[in-house]
Structures are given as structure tokens and as C-alpha cells.
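Quick heads-up: structures coming right below.
In the two assemblies presented below, chain A is common to both, partnered first by chain B and then by chain C.
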Partner chain A sequence: MNKSLIVSALALTLLSGTALAETADKRIALSNNYAGNSWRQAMLQSWDTVTKPAVEAGIVAAADAFTTAENQATEQAAQIQNLILQGYDAIVLNAASPTALNGAVKEACDAGIIVVSFDGIVTEPCAWRIAVDFKGMGKSEIEYLKDALPDGGKLLEIRGLAGVFVDDEISAGIHEGVAENPQFEIVGSVHGDWAQDVAQKAVAGILPSLPQDIVGVVTQGGDGYGAAQAFAAAGRPTPIIIMGNREDELAWWKEQKDASGYETMSVSIAPGVSTLAFWVAQQILDGKDVPKDLIVPFLRIDQDTLEANLETTPSGGVANVEYSQEDAIKVIEGE
Partner chain B sequence: MTWLTAERWRLLVPAVSLTVLLIAVFWLQPRTMSYTGLNLLFNLAVPIALATIAQMLIMMVNGLDLSMGTFVSFVACVTATFLQTDPLVGALILFGCIAIYGALGVVIYLRNLPAIVVTLGMSFVWGGLAVLLLPTPGGAAPEWIRWVMTSKPPFVPMAIVASVIIAAAAHWLVMRSSFGVVLRGVGGNERTVERAGWSVLRARATAYAMAGFFAVLSGMSLVGLTTSADANIALRYTLLSIAGVILGGGEFVGGRVSPIGAVIGALTLTLAASFLSFLRISPDWQIGAQGAILIIVLALRLVLTRREARVAH
Partner chain C sequence: MAAIKAMLAKPWIWSFVAAAGVWMVTILFTAGASTLGLTQAALTFAAFSIIVGLGQMFVITLGPGNVDLSIPSTMTLAGTVALKLMDTNNGLIAVGILVTLAVGVTVGIGNYTLIKLLRIPPIIATLSSSFIIQSTAIWYNRGIRIKPPRVLAEFTTASTLGIPNVAWLALAISIVAWVLLERGIYGRWVSAIGQNMRAARLAGVPVDGVRVATYVLCAVLAALAGFLLSCFSGGAALNMGAEYLLTSIAVVVIGGTAVAGGFANVPGIWGASLFLFLVVSMLNTYGASAGVRLFLTGVIIIAVIIAASRRLGEGSSTS
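For the complex of A and B:
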């Protein structure tokens, strides 16, 4: 959220007092396998903005971020073993591989270290997992369209990168939603690879073969702006294109909204999920009973929250949300 | 200075650099100075050491294996799938792999092909097979491999014991056995070996098959540590193994290799990464810093090889 929320969360922990006493001498490390795109950069930045005040307030003793020099599982396994040697009490982990780090994670657990994986999760049973409900995300797009277009109609689906499990999951959610709402029909499907230029080319390629009355475009993020450009270039009316929280998408949406009252919604995973993992680790260190599998909520932007989100999203970046200790407790309690 | 033979000079730099790094790591992070500490520091070096020995065997006969990383990844996938569910089929596949490596040696010799091109081509074959076998990461390590890799021998951690065994076995094979002399001779002066009545074809095939054998061991031990595989798990091993051989005193041509040095080289590379991580150097600089360590060690070696030449004369 924003600074005031973080501050209020800190105030709350200071008032409650117990959390402070239990984890004040604990050190948490972030093990990250990749920092080469805007999403990961935002993830690391969020980690910094949230953990620094937490360290200063004495909630934890340290919260250091480590990124491997190369995106390789063997490299990250060695990094985790080094973190064990450095005596951290908890390791928050965005893993290069769901399985290839299990040996190192097991070593950490055996050394009494709490391991919390998020985004790139690990399958080792002794670790906690903060997974993203990609299927639910896909389904939520159809649920939005159901309300926006009560009569239903023909949809175009833009998928992500073929062969990646995230693509399969989001698409499965979309198709599940369509199966439950037979007034909708997916008449075409292209791969946009989560990139605006690829999506634009793919959509431009399939448009001539599609009927004129496309009412909606379901997407996976990073492809909405490209789809809009393709529709405009073909001289077609712009359908409801679901956006993916990228800055260029939100800016385009704002432009259309101001010009013609265009309505849609935008949904994706906030890079700030790293901060949720941080608080979950802190809660586990505090002795809280936390279930091993948690689901992270996705970040949704609607017509009325567009301006506020666009303002806080850096140019070329992704809309973000940082979690507070309260948010983490809510997720843990399944609210 | 009679005990300082050329072979020992060759070992001096790697041994000294490893010791210096080790002392630095102990000083930075005293926790590493324990049984578990040493094991955590070095256990991931065991598969790298095995891959380095494999690379060394190929370099010994003037080749270079660019498929090492993908091959070890493929072996890891086989180990985590077939060898676990169907030990017999798994073992057959792995023996087949060693046979293919031997055949590669034959093809490279008979057709007079550059090894670098053949192995580059093979890297796509191994990579493709690994993805076919495990399209998504998974599989499980066979119990017995897991047991070996996580065993806790008394006094000395498994990682050190394994490194010593690997170094001793490879040293005996290459430096002490009579066939090892022939193998090194093939790299040094192929024609002389041929004139002396040895089959160069057989020697090359054996060198490649032995490399395949050590690479198979590398993949198996890696899965023993990670508990499961991933088609891209060991891609780094191609360059790490080459760097390990060179760091350990080996040379690209001429059959000049040092098995003990190669193992030390692999340990040094692993330790250098930990050292930089303990120093809290930002990841943006880590690759550069790793390169700097390599250059320093190699520069040291250059200075000392000049002395080595003087000692030899």
C-alpha cells in the first residue's frame, strides 16, 4: 500500500510489544535468483522500502537481500548454503527451480532455519510456500466481463509464453470461467509472450480472420497495450481489453477513459509479494502457527482506482503494492 | 630443490590459492571452520570436481567439451527419473551415454573433426533429450545416492573425503598407470605414440569414454545433493569445468594436465563464489570479481611457469 499504512503497521507492532521482543534479534535473508526485468527490480525495491524501517524499528535485526550473479539453480543452491553459514534465522526465497534447490532447502531446515518461498516456490515439504493463484486470476477476468457485458459475446484470448506453467494456469482459469458462463465464446487465441510488441503482431495477424463483433480481449499481462494498438491499426472498434498493471497499459487506459469513458479492469501479481513473504517469515519466527501453503492475493485495478495506481507506478514499471505486517496476518488467517 | 619437479610446480599455484582463499573465508565467517561448515562450503563442489576431471580427460587429448553442462544436466534427469523408478533401464541409459562418448572420440579421430564443433552439436542433443525427459522440473534422487551424498563420515566431512578420493583416483589413472602415459602422449605428440605401436584410435576412444564416465558420476552426485533434477540444472558446468582445469594447472593443448590440480581448481572456483558472497559484494560486481580472481591466479601461474621452465632445465 503506501507509507502511512506501513507506519501504522509499525505503530501497531510497537504497541503490541510481543512481536518486538520475540524477533528483535532475528536475521532474515532474501535469496533471489534473477534481477534482470522491471518486475524483479520492483520486487527488490519493495523489499528495501519495507524491511529497512522494520530493521530500524527493531522488529528484526537484519533483512539482507542477495541475488545470484547468474540465474542458475546450482548457483542459488550454493547461495542458500552460504546463507546457512552466515547464521540467518530465516531465508525468504524466490527460487530458480521448484525442485533443484530442495537439497539446499533441506540443509537449511535441518540447521533450524525457517525457509519461506514465494513466486518461484520450492516443493521441499519443510519450506513454506506463498503461491500465486494464477488460475483464480484468469477466472476473475471472465467474472469481470460477466458483469460488464451481461449479454456475453465473442472473446479473443492472448496467452503468454508457450510451455511455461504460468501460461497454462492463467489460461485454464479463463477457460474455466468461460465454461461456467456459456454466454461467452473464445473465438481466437494467440501467444503474446507477455510482451507488447509480440502481442501487437500476433493480434494484428489473427484479426482479419475474426468476426467483427469481438466484445472482449482476455490477457495475461504485458500484452493489453499491444492488443489495443492492433485493434486501432485495423480500424476496428476497441473491445474491453483486460490490462495487466503495466505502466503503458494503465496510461493508455487513462487516455481512453478521459476521451470516451472507456471502461475495463487490470489485474496482475504485485512484485511487493516479497514483502508479504518477509512478514510471513517474521510471523513464523515470532512463534505463530502458519500453514505451509499460503495463497497470495493478486493486485486488481478498477475504473475508480486507476488514477491513484497510475500515479504511483514508475514509467516503464509495474503497479505495485507493499504489504504490512497486518496484511500478512490477514493472509495467514485466510481472510 | 630436487623434490620440486615440474609436476609439483604445476600444483603449487592452485594449492596456494586455495589455501589463501580458505584462510580468508575462515576469517570472514568463522562458522565455516567446522565439520558442517566445511561440508556446506564444499559439497556442491563435488559434482563440479567430477565434471572438471571429465573435461580434463578431453583436454588431455587436445579436445574441448562444450556439451559438458547439458550432458551433466541430462544425466541428472536420467538419475532422477529412470535410475530411481527403473534402476536397470536407468543404468543401461547411463552406460549407453558412456558408449556414445567413446564413439564421439572415434568419430572425432577418424573424420579428423574439431572436438569443439562436435561437442557443441552434441550439447543441443543432450539439452533436447533432457527437456524431453523432464519438461517441467521434478523427479527424485534414488535413496542410495542421497545416502552417499549426505553421509557423515567421522572427523572429515563427506565433501572433503569425496574430493580426495576423486583426486587420488584420477591421479592414479592419468599420472601413474601406464595407459595414462599413452593418453597424455596422444595429447603431446600423437605421431610418436602411433610409431611406438599404440593405437591412437583406442586411446582417444578410451579418453572420451572415461570422460563420459566421470560426467555421469557428476550428474548422479548432483542429484544426490539437490534431491531432484531440472533440464537446465548444470548448464554452468561447461565453463566451470574448463576454468577448473586451467585454474588447476592444465593447458588447452599438449596433454599437460594435472588431476589433483583440476580438483583443487574446482574447489577454488566454488570457494571464490562463497568468499565474494561473504564479502557482501553486490551481485552486479560478483561475476567481474570472480573473473578478477581467475586472472590473478592465472597471472601468478604465468610468472611461476617461467620459473618452472628454469627448474626443468
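For the complex of A and C:
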């Protein structure tokens, strides 16, 4: 108790100090709940790419990444407690649950540690949140389809992992878009768990029961390629399938575009959002006044930017943007 | 009448009854228009569950506590390593298949080494080895999705005589498994160990040899399923095996194999695999929300298991 008081007092003095405060002796940890897909792998790689030079340049003393094995909130809570004991100055957090980690996050705050959550954010008020406008992302899919298909038509929705709030948000955005554009109708909905093989299986199962005139497939990312394969296997014409920035999806889109002029768009969050969170944490440690809720823009690829993005996306990876300190300052200042 | 009674006494019949019922309800939605498409999709996707389910069935039959939790990670590792080695080259398909089998044999021997030498319960041993295997897959290719060689991609997605090729493969493997189980000494040994390991040992059954062979068989089948799945779905992904952990156990249980070990049956794996795919398709077709779908899936599975186990009990008391 005494120790945490001293630490928080110290942190307070540091925070209230001038903006010139140095972060050279500060240590930042990344607490990550899952690493088993290409998006998370790219996220960890971006973290490495950006933080290593930052550590070498002496901007911060350390930027270590930790990932839990089982994607469990209890396990991640224990991990955060370890990070507190190890004396990190800031924890950048991609959380397994928006609420279940609040206790551990509060402990970290009480120990004077800056907690910046991103992607999987936490609701604990003492933490910062770098959130994605998932609802807006879902809605943007319908807005694209509205222009591409002025007559509207029947849509198939592929959702993510049931019970995860990201899935609810994107889906809510999609349904809001459909409500505003009654020329569209969602005639089927399956859960693809953001995984290509699961999406393929689910779509293959519902497709025989769906009408022939499906004009579009609205997705959440990671599932577009599987949907395309299920349509091909069923011998159906390929509708407009919204993609999710995965390399396999973009490569498939490029193939179709070259072969038949196929048009669609692709939208997702850049895994490099971890590096934005890193710089935000650094800025907070540096004494900047940072609002608790920040919004990160999503990364959208269109017909004319497809080639450029495909070129920079590693095979099997996800289209990505890594953020710089200047980008972070811009986001903080709300530009 | 007696024939029907004898059929109803079979523990596996209920998984087929359930699969057929769900199939009928699903095609009713489109008044029969979806019959062919749905049947082909069901056979295709059931094939992967059947292959991993057969391996899990032999392991579970070894007796209480025997279960292989490393199936998903073995699928992922075999798929990623084989596809990366073949590198879309049709000439390297044989190498890819050999590597797949090697991954399976290595994982199986590794699992049994943990169980036997370190005396770790199978459920813990295979869980911990799954972390090692999954990490190896991540380390080996960082999520790279390499396309399968064209010949393999075409083979796994095509049909012969109207039946998907992967279903033919699953059928061939099932026949071998059925012969091993019902006609071969190996099947008798597995069942004997599952019924009473001590008695089996005293009766001269080579218990360790049979157990290691079973864990290797299960891992090889998982590796093969991973290989086929990654060819079928256009590339290996790090999370591709995830859903087969529970599926592999569920098809064994729904198929009428005794969870406590000692009694296995192959046909039930087919009924259960078809059923599991069809029940999700049915609920999707009727637009059930995720909550309702998971709830109903659970209720239906429990109902099938109760029906199967009650009939099994009656059958054995009257005979």
C-alpha cells in the first residue's frame, strides 16, 4: 500500500511536470491476449518494427511485448498484475474482455501506471481507450453498396465471433445502414468467426437455401475469401463481397479484377494500431494532456488503391499502417 | 419388425435419425430446391470432422481420461508445414504428404512420451503439447497463407460420381478404421484396454504398444485432415483447426461411442458429423440468432445422446 502510494505520488509529480519531461527511463509493456491469427501476428510485428528503433534512439527504456496463451481474461489479469510488480511505467493493452480486466487495470492505475487500451478496449475509467468506430465501419459497407448497386437487392451477412462486442457493433452498423436504405434486404446471416475456413463452411451450409439473386455479401474481415470460395463451389455467380484487408482477400480481388473487372471495396483496422497506442502511451508519460477516448480511423482500400496496398501487404498478412509519433500527436489533437 | 428393433438397438442409429431429420427440415425451407447443394456441402464438410473424429474415437476408447486435445494444433502445423514446403509446386505433392504423415507420427510419439515417461494424464499432456505444436506453427510461418498446388486444390474441391472427393477419402479411411476395429486384433486390444487396462495387461495385451499406436494414429489422422483442409480452403491459416477440438469429441460422443471407453463404433461418426454440420445450416437457414442457435444445438445434442444411451441400455438388458 505504502509503495503504491509513493509510486502514484511520483507519477503525479511526473505528470504535473512540464511537457519537457523525458521518457528515456520509462518502460512500456504490451499486454496482448491472443496471437493465433494473421492480424495479431502483424500487430505484434508492427509493435516490434516501431518500438525497437524507439528504444535504440533512447525515446523509451523498454517496450516489451507479452502475450497470454489461452485468450482468457483471468490469465490476462494475472499477467497485468505481474507487469505491475515488474515496475513498468505504462501498459499498452489489447484486452480479452472490455469489463473482466477492470479490476487489474484499476490496480495498475492505483500503482501509478498509465494504461492505454486499444482494439480490445477496457471500460475502466482510469484507462485510456483507442477505439475503432466499428459501427461506422459496418455502415460504410452499405454506403459503398448503395452507390455500387443503385437498385439494391438481397444481401448475405457474415458476422464475426458470437458474443464479442466488436461483432455486435459492426453488425449494428450494417443493420443501421440497411434500415436507412430499404432497397437492401439481409436474407441470411451466419457467423464466420473472422476465420476463412469457418466462414466458408457456414456460407456453404446456408447457400443452398438462399435465393439465387444475392447481390452482395457484407462481412467483418478475414471471411471474404472463404465466402468467395463457397459461392464458387456452389456454382453461383460471385456477388459483391466486401473484403477485410487480408492478403488472400486482396489477392483474390486482384485476380477477379484482372479477369472480369470485378469491383468491390475492403475495410478493416490496421494492425499497426498497436504502434499508435505505443506513441499515445509515450506522450502521456511525457506529460501531455491526452483525452481518455481517442478514435482511430479504419483502413479502407478501393478499386484504385488495390494494387498499391497489395504490393505492401506481406504474403499471408494484413494490409497495414504503422504510426509515427507525429501521427499520434495528430490523433491526440483530434485532427 | 425384429429387424427394426435390432436397428434401433444400435447406438449409432440415433445420430443418423437426427441428421436425416435436420436435413429434411432444412430442405423444406426451399421446398426441396436446396437438396443437392445441401447434401454435397454436408458431405464435404463432414468429411473433415469424420477424419479427425475417427482418430479421437480410438483414443477415447482407450478408457477414462484418454482424449487428444492436440488435434487442432496438429492440423495447423501439418497444413502450414506441408503447404510451405510444396510452395504451390505440383511436383512436390508426394513430399507434402510425407511431411504431413511425419508431423502426425512425431506428434503422436511426443504425446505418448509425455503420458508414459513423465506420467502426465493424457488430457494435460496433449493440452500442453498443443501449445508447443501451435507455437511451432506460428514460429515456422507467422501466419503466411501459401496456396496449395493446383492439382491438390482441384482434387479436394472436386466431386467424383456426384460425391465430393474428400468424402470418398473419408469413406476409405472409415472402412480401414472399421476393419481395424471390428475385424482386426488391434481393435479388440483397444476395446480391452478401455474396458479394463489391468485385465488387458494380465491377458497378455501389449498395452503400451497399443496405446502409443493409438495416439500416433490419432495424430496422423489429424495431420491428414489439416493437410486436406488447407488444400480445400485455399491455404493454411494459424487458427484453422480451432473448431475441430470440440467437434472431434462431439462426433465421437453423439455417434454412440462410450465416453468412458471400451466400446467404439465407426458408422456413428458419420451420422454425427453430418448432423453437426446440418444442424448449424438448419438454424442459419431459419435465421436463428447466435444465442438461440448455440442453445438449440446444445439441446439437440443432449437429446440425441440421451436417445442413444437409453436404447443402448435397453438393448443390452434384453439380450
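Following the convention adopted for this analysis, the second predicted complex is superposed on the first by the 306 of 335 C-alpha atoms of A that agree within 3 Å, B and C clash if a C-alpha of one lies under 4 Å from a C-alpha of the other, contacts with A are read in each partner's own complex, and residues count from 1 in each chain.
Here, a residue touches a chain if its C-beta (ideal position, glycine included) is under 8 Å from a C-beta of that chain, and two chains touch if they have at least 3 such contacts.
All values reported here derive from a predicted model rather than from experimental measurement.
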item: Superposed partners chain B and chain C on chain A - clash or fit; value: fit
item: Touching partner for A:Glu107 - first (chain B), second (chain C), both, neither; value: first
item: Partner chain in contact with A:Gln86 - chain B first, chain C second, else both or neither; value: first
item: First, second, both or neither for A:Asn320, with chain B first and chain C second; value: neither
item: Chain B versus chain C as contact partner of A:Gln76, first or second or both or neither; value: neither
item: Which of chain B and chain C A:Ser209 touches, first, second, both or neither; value: second
item: First (chain B), second (chain C), both or neither touched by A:Ala233; value: second
item: First, second, both or neither for A:Phe66, with chain B first and chain C second; value: first
item: Which superposed partner A:Ala35 touches (first chain B, second chain C, both, neither); value: both
item: First (chain B), second (chain C), both or neither touched by A:Pro98; value: first
item: After superposition on chain A, the shortest CA separation from chain B to chain C (Å); value: 7
item: Residues of chain A contacting chain B in one complex and chain C in the other; value: 35, 69, 163
item: Chain B-touching residues of chain A, taken from the complex the two chains share; value: 35, 64, 66-70, 72-75, 77-79, 81-82, 84-87, 97-104, 106-107, 111, 123-124, 163, 165
item: Chain A to chain C touching residues, read off their complex; value: 35-38, 41-42, 45, 69, 159, 162-163, 188-191, 193, 195-198, 200-202, 204-209, 225-226, 229, 233-234, 247-248, 314-317
item: Residue ranges of chain B in contact with chain A within the complex; value: 29, 31-32, 36-37, 40-41, 43-44, 135-139, 222, 224-230, 232-237, 270, 273-274, 277-278, 280, 283, 286-287, 290
item: Contact footprint of chain A on chain C as seen in their complex; value: 26-27, 29-30, 33-38, 41-42, 44-45, 131, 134, 138, 141-146, 157, 229, 233-235, 237-240, 242-243, 277-278, 280-281, 284-285, 287, 290-291, 294
